[in-house]
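As written, the chain order gives the labels A, B, C and D, with residue 1 at the start of each chain.
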Amino acid sequence: MTGSSASVAGVVGATGRLGAALCSALESAGVPIGLRASRAGWAVQEPPTVVFDVSGPECFDRTVRLCRQWSAALVYAVSAVPDAHADRLRQLGREVPVVRATNLSIGHWIQIRLLEAVASLGPSLPVLPVAAVWERHPITKADRPSASATELAEVWRESSGAPAADLTSVRAGHPVSDHAVQLDLPDESVTIAHAVTGIGAAVRGALLLLPWVSTAPAGLVTAHHIYDDLIAKGVPHAASPQH
Amino acid sequence: MTGSSASVAGVVGATGRLGAALCSALESAGVPIGLRASRAGWAVQEPPTVVFDVSGPECFDRTVRLCRQWSAALVYAVSAVPDAHADRLRQLGREVPVVRATNLSIGHWIQIRLLEAVASLGPSLPVLPVAAVWERHPITKADRPSASATELAEVWRESSGAPAADLTSVRAGHPVSDHAVQLDLPDESVTIAHAVTGIGAAVRGALLLLPWVSTAPAGLVTAHHIYDDLIAKGVPHAASPQH
Amino acid sequence: MTGSSASVAGVVGATGRLGAALCSALESAGVPIGLRASRAGWAVQEPPTVVFDVSGPECFDRTVRLCRQWSAALVYAVSAVPDAHADRLRQLGREVPVVRATNLSIGHWIQIRLLEAVASLGPSLPVLPVAAVWERHPITKADRPSASATELAEVWRESSGAPAADLTSVRAGHPVSDHAVQLDLPDESVTIAHAVTGIGAAVRGALLLLPWVSTAPAGLVTAHHIYDDLIAKGVPHAASPQH
Amino acid sequence: MTGSSASVAGVVGATGRLGAALCSALESAGVPIGLRASRAGWAVQEPPTVVFDVSGPECFDRTVRLCRQWSAALVYAVSAVPDAHADRLRQLGREVPVVRATNLSIGHWIQIRLLEAVASLGPSLPVLPVAAVWERHPITKADRPSASATELAEVWRESSGAPAADLTSVRAGHPVSDHAVQLDLPDESVTIAHAVTGIGAAVRGALLLLPWVSTAPAGLVTAHHIYDDLIAKGVPHAASPQH
């Protein structure tokens, strides 16, 4: 894990489902955890160089303050980000590396990139597909639609020029989640779906970000920007006639 | 429909489900139909410039002989193509434009292109996804798996370097078909699915090919090559970091 | 088709998708059509003995008036039924046979009966399943949720004693519709789904009702009551230990 | 847990995924575990009164011998049961209570009962549905189709009189499994699906059997027979017109 050898991680929300799994994975990867923050308290063993905030918006102020104090990078993976928080993340990005992640899983990033690939064909297709976004989380998730579903709808609108025609949330079933975008054409449909069955999908994404963010300059980027950089750089055209 | 104004179509298999719908669509588009071939006979009104063979392998010899006689282009959309037929299509391609189409629908082409986009990411992904191909047709379809499912599995193998781990055929439900490729990663999956609910999806694809093939030089190409040329030319990187 | 030999059908909404298919099926079955009503006019050839109203609420008054005038039975398959119309159907049921059908298809009736079968197990199950109802119609259907989905949620509430935890409508895809009830238990789910791919499903249901209603006494019943009578009478216990 | 207060459990296959989860659940329920058998050895602390064999066919002889020696009841939940083993389970049932379980989860039992409910309607339906059985397990499951899918197909054949038209196995995705029976009618389908997302579904089923089997007389029964007895006894007609 080049570049992260000297990293010390901090985890805000360390006793939540994602936080606990992240701590466990960091330990397995030999990354020291200098901060574990939860409702029980903010336990600092040594100043972290990269803080993962996977808690809720209520920890925002303290997380930001400590990142500035420690000059620590921040991976902010709380899905609900009010405008005021978004502004302050941008400000923090002038001092340290800041990563915003609506959804840490690699599969979500693939889904977004495939959706953009279809949207890029749109103007040349006989008709533009009509897009419908659908997501499912267990009944314990209160807010709807999910931030990831909203992102899918926005990506379609931005890259195709047409709004998603439908955005639906189902609250049923078991952890973790399903997200699908159905693209309707006359007499046929193409669907790009992403199912997450375990919290490990998000944990793996977080670990993938660590070496990148450990050596990055100050600046605000998205997790998807980093996945682009790590994975898709130099990728040949996805929808290319040359073959 | 530039380039097809002077086209005269021929339809081999003109009374089958796809053939009848194609004839009807050609008529609506104002394209004269010079040949209608079915079990009832081969009715020639005027020599076609583009022959669509949507029948079965049993018409192959006569179709090829007539295309040579008329110097007509051939769109060969019979899914079962034995090696001997493939060879002769290649030979015919030295004289006239020949298009092979495993599946005429645009949605199938999109599905293939998206699958290639994921495969192209493979070497950079933390782990290569495990691919499983699944298809469904009504119980009336005798052969399994479908040629389109086999093509999906082959595209994955060629573009990712790893074989599809599973290839399954379900015979149930109503016309027309479903094809899905599930790409499993640890704790998550991305699925690229294509559902066809009406024969119009294939008919629209055939009509899209007509102007291209009407002005093409001799040569054997795939329908997907033509869709690439018509639709994806100049498409920006599907999985590209520059945005 | 015992009992319907002397029937004369009337179809209100005769040029709509369902109405036109119903007229065609009645003709194939040798049932004379005495009334064809559409926006173009109410064409009466002979007084019908059974009127199918598959139009919209705007025809309600005229349909009811004519059924009374002709002493004709009424199969009322308009899905939106305001309370005032429900009251008047009850009144009409004192004079002639009246059938209310939220959804004419046999598959919907099977789905409802299976849902009731699970609900009846509820009190004995280790935990009551949590039910979520989901429906999909093409984007052209304006109102949501569908009357059939609302019925599924109500059937669950009435037969299990607990409300459906979720009721979601997707507007995407192709005709006709999907309805599913997912029943979640810890670590597992049972789903009862109904997919309609052609208008013939409703037409077949309507034809099934015809002989029954042709010989029925005055009274208001549901289509499901008639299907129970025709199909499920004397059915052995669905969830019974004696076998 | 009436009747099991004096039970002592034995678990053969105690270190497998299901076995380990079962041991943990038995401990949580306060049931002493007198035998834990695995490749590491058969550790007997006290003679069990009920043995759960969730291992593989290779333990069969020893499991049967010990049940006879201890006069212990046996819950045999190994899915592959050769004919010779089936015979010996019948013989063992003359001495002690023996329960055969193809699939311990309650959801599978519900699925089977719903399938029988539809089959029982078959003769009265306008046409008998065409059944297709589909199952999915992760790629690590070698044998296909699953015993549960075979059971679904057999239940349909026995209760409807017609064989399942299709029986398909997909090997893809994440633990645990999906089983679906699609029942096709003209222009519509009813699907009864069962998804298992955690091993807890089988564990809960095993715990449900324990008190019943602890007080049962000698005899060979199926787990479904017991669920019928515990859950469905006195259940009103599932598909009954009287309501």
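Just so we're on the same page, a residue touches a chain if its C-beta (ideal position, glycine included) is under 8 Å from a C-beta of that chain, and two chains touch if they have at least 3 such contacts.
The structure displayed is predicted, hence computed values, not measured ones.
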Check: Same residues or different residues: which describes how subunit A and subunit B meet, taking over half shared numbers as same?
Finding: same
Next item on the list: Could you give the separation in Å between the centres of subunit A and subunit B, each centre being the mean of its C-alpha atoms?
Entry: 37
Note to self: Distance between subunit B and subunit C based on Cα centroids, please, to the nearest Å.
What the structure shows: 40
Notebook entry, point to check: Residues of subunit C that touch two or more other chains: which are they?
Noted result: 173-174, 187, 189, 195, 197-198
Next item on the list: Pick one for the touching-chains graph, please: line, ring, star, complete, other.
Entry: complete
Margin query: Taking the touch rule as given, give the residues of subunit C at its contact with subunit D in the complex, in rising order.
Written below: 105-107, 110-111, 113-114, 116-118, 120-121, 124-126, 183, 185-201, 204, 208, 225, 228-233, 235-241
Next item on the list: Enumerate the contact residues on subunit C facing subunit A in the complex.
Entry: 130, 132, 134, 139, 165-166, 168-174, 182, 184, 187, 189
Next item on the list: Enumerate the contact residues on subunit A facing subunit D in the complex.
Entry: 173-175, 195, 197-198
